[in-house]
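Handing you a structure now.
The first chain written gets the first letter, and so on, giving A, B, C and D; residue counts start at 1 in each chain.
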């Protein structure tokens, strides 16, 4: 696939005509040569300003996002769910709200939540999310306790191999929790053996290892029900797994906001949505303006 | 209102606990051994919450013994509404084991009839992977056939890939301008085939820079990649008769970190203004940072990756982009060696087979003759 | 020894890997885990080469007082400090636990730098949109149209724009359709193509047809 | 406004990197140097504690323990080979016998080639073919543009099939893109372009979210201006 992108505006523009068309072309030529730092400034303003206003927008829920909510909602109280946090603070803006909402929904339903991470920075992110989820009134009312209702098993290195090993024995992969206490001391882990003891796996994924590996190993090989929350950038690829191999899919901040609406827990993703909307509009305007200028100048170019 | 014990009504939780039925134990198929599978019918008391009956069964206990008379030892437990389990705890291949499954309610248990002996064994062939084996054999056969075909001197036609025909021009331009050719082999390590494909392209580009006398600069993000790139560049300079122009520092390490690497290359681009930039390999988010900065310094950019999420940005910001499979074909294409081109031809035949299967498969699925798709289930 | 042994090694290891996939029995069952562990260990050794190369180039720059020597000094200092803190003063293998000095470096230096570099992409995306995404021909126009529809269809404002249409025909639904139908088809074609490319490349490597990474004969 | 020194350092580094957007400058160069040093150190330490320590040192220690206690041969002794290959890699620093580093290199290339060969064939090729094989036409009343039909056509499945098929035709290398193949390949590129467009849209979404996250850090955590 080829194609030479025009790199710069054509400098030394054609004569500025006296006609309106000529003037339009001249403007277009200047537009093409605009210093890109002006574009940067524009983006900064468009994204920052809305942060200072707390505007709630109406968010429509897609079937993919509803899939996650429904998969969790149908589980009986006491069922074990596995939350795999495979991301780092770099992607937290998009993914942290998903982790928080999942924890809120699961804990408010009295599910037993087992947290782990294939990324070393995942479990600390999960701790932050737990703190936030436990502050939610619906969760706080049930007063979930560590080791009984939820547990953080921490990080395990080895990427997809870890998932494979979980398929034969969870306690063998995680003999201790994140803080080093043997898991035998926690009632929540009693009877947890492998994926057959886990009713639902929710993977929050920022790349490798992540959803692809959970689908291929936990889902395809060990027949676990897998749902995924992922950065928007990975979402298009993961659509090929939905709905056959993924019961639900949250893509980026919008997916997080949809999940918040579907599960009934408004959170950070909803508050960011205004900024997100505006930033998309800015980009669309840039594309339209850029192309308008391009078309105007092109129509004026002498044909070879 | 009177409540009669033992009849339908809210008091049924007090009825006798029924045992699970029809327990079967078999060797787990297609495994390394040491695992048995158990299946049983749920206890009559184990029904979904809200359904008529009672849901007071709190789980099932798996019990194992070396003889049918016991003693039975608990080896695991599963939640209610579960009718299967696997046991892989300390089983030895070739030994017979006896099992029973007990429905549990609080302190009381109702064990099933004993089932056994079941003997765990390992298998020498994974029957679920026959389809993959066939695919391996067919594809390998086709590719090997055409490699041999080409080795015998039969011509192989390969269409033009425009990005690759531009390599000459791009390197020539750098020479004329007296600026560097920057080659970025992706941000990932040697355990990724895209990196290997990128290094194969580097081999061909290095021959060009050696011949034209252009300066090559290869910043890398991984130590192993550094070693492999040095071998590759050195080989190219030797093969073209310019060993004196080779220095190890043409290939240098920056940092393993994705964005640390991008930040450092941004610096190199802005300060040294390379005339030509190759980005060939696996790129993630750093792709656009590099492509935009490269563009802002006015370099000719030839990119290639098989990472779909980054392709739109390469397509937009670079002069030429190799898409997906083209990245893997590039090394072979540029080498112009008959064997390499033969492998491309074989790979094409593989694609043709897939196209034919797609058409046949869709027709069969549509007519409902049989479940053709089931042949492609992977395990 | 210099060239033949590596070629044989590549072939044997590669073919073994393919074969083990079909044999569940021991010792093949554990082979994949074992060999991938080995690869990780070799990587961990190899990083010494990279680190020493970085130190050598930065050290040269400092020693010869080249133009950018102050920055080279910063690089050396930061590398040594991070490595020493992580190896000796952060509780051994639990070096990433919250509260360790290494974690402090991670949270307050590594993470802001990395996240900011990542966030720079927002600006580059914007400038690329203005400058590079042109409706030059039918292909590029399709790319742009799909991109714009998805972008608008995925935020609430997009729904507002087409709120007058019946449900099922709004922007969000169109975006959904793009994701689930043409996007899926394209991704699939790319994925299958990549798989064949990888199979062919892997074979070339295993057979030693592609071997430039192993260097010359000397 | 935050009183945490760490947050202030983080904010300074954040602004330093952002300053590159205006132009290359000494502050950016300093931040870049910090970034290269810290991140190289970060990975250096991580690889040691995550790979060398548990996979090599602990395994060999346990193997030695088992053998000393009379257990005889222990499988974990095999990790000695990995250690040996690692040392061979480092021998690259010795000019005379540097060529021996090609052995571990060849080993890695072999594992990569073998592993990718099989996993991509299985999970990319075969399973994607599987997912494409669905009935295009099913029984029951359907319609095409208001014209009633005696059967139901799953147009989405038809599109997906068409796109996958023509997309693959584009990737043929040994056929000139002319005639029927040319038409198919061209249709294929249309699908690829829509795919890239979708990716582009989602990537914009992702990147803007990241910027929102950073600004939230600056305005919220650092300056305390957001609620």
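As a convention for this text, a contact is a pair of C-beta atoms (placed from the backbone, for glycine too) under 8 Å apart; a residue touches a chain by one contact, two chains touch by 3 or more.
Treat the numbers as computed from the prediction; the structure is a model and nothing was measured.
Peer 1: Mind listing the chains that sit against chain B and also against chain C?
Peer 2: Common neighbours, chain B/chain C: A, D.
Peer 1: Any idea whether B-D or A-B has more C-beta pairs in contact?
Peer 2: Contact tally favours B-D.
Peer 1: Relative to chain B, which chain has the most distant C-alpha mean position?
Peer 2: Farthest chain from chain B, going by C-alpha centroids: A.
Peer 1: State, to the nearest whole Å, the distance from the C-alpha centre of chain B to the C-alpha centre of chain D.
Peer 2: Centre separation, chain B to chain D: 10 Å.
Peer 1: Need the CA-centroid distance for the pair chain A / chain B, whole Å please.
Peer 2: 21
Peer 1: With centres defined as the mean C-alpha position, give me the chain A-chain C separation in Å.
Peer 2: 18
Peer 1: Specify, in ascending order, the residues of chain A that touch 2 or more different other chains.
Peer 2: Those would be 1, 3, 5, 36, 40, 43, 47, 90-91, 120, 220, 233, 235-237, 240, 251-252, 254, 276, 279-280, 283.
Peer 1: Can you list the chain B residues in contact with two or more other chains?
Peer 2: 129, 132, 136, 139, 191, 193, 196, 224, 227-228, 231, 254-257, 259-260, 263, 285, 295, 308-309, 312-313, 315-317, 323-326, 329, 344, 347, 351, 354, 378
Peer 1: In chain C, which residues are in touch with two or more of the other chains?
Peer 2: Only 18, 21, 30, 32, 36, 39, 42-43, 46-51, 54, 96, 106-107, 111, 113-115, 117-118, 120-125, 127, 129, 131-133, 139-140, 143-144, 147-148, 151, 154, 179-180, 183-184, 187-188, 190-194, 196, 198-199, 201-203, 205, 213-215 qualify.
Peer 1: Once bound in the complex, which stretches of chain B touch chain A?
Peer 2: These residues of chain B touch chain A: 49, 59, 76-79, 81-82, 84-86, 88, 162-163, 166, 259, 284-285, 295-296, 298, 308-309, 315-323, 326, 378-379.
Peer 1: Report the residues of chain C in contact with chain D in the complex, numbered from low to high.
Peer 2: Touch residues, chain C against chain D: 2-3, 5-7, 9-18, 21, 30, 32, 34-52, 54, 68, 70-72, 74-83, 86-87, 92-93, 95-96, 102, 104-125, 129, 133, 138-140, 142-151, 154, 175, 177-196, 198-199, 201-203, 205-206, 213-215.
Peer 1: Going by the contact rule at the top, pick out the chain D residues touching chain A in the complex.
Peer 2: 21-22, 46, 50-51, 54, 119, 123, 127-128, 131, 189, 192, 195, 198-199, 202-216, 219, 225-227
Peer 1: Hey, which residues of chain C end up touching chain A in the complex?
Peer 2: 32-33, 36, 94, 96, 98, 106-107, 111, 114-115, 118, 122-123, 125-127, 129-137, 139-140, 144, 147-148, 151-152, 154-159, 172, 176, 179-180, 183-184, 187-188, 191
Peer 1: Of all residues in chain B, which touch chain D in the complex?
Peer 2: For this pair, the touching residues of chain B are 129, 131-132, 135-136, 139, 156-159, 161, 190-193, 196, 224, 227-228, 231, 254-257, 259-260, 263-264, 266-267, 270-271, 308-309, 311-313, 315-316, 323-326, 329, 333, 344-345, 347-348, 351, 354-355, 357-359, 361-362, 365-366, 368, 372-373, 376-378.
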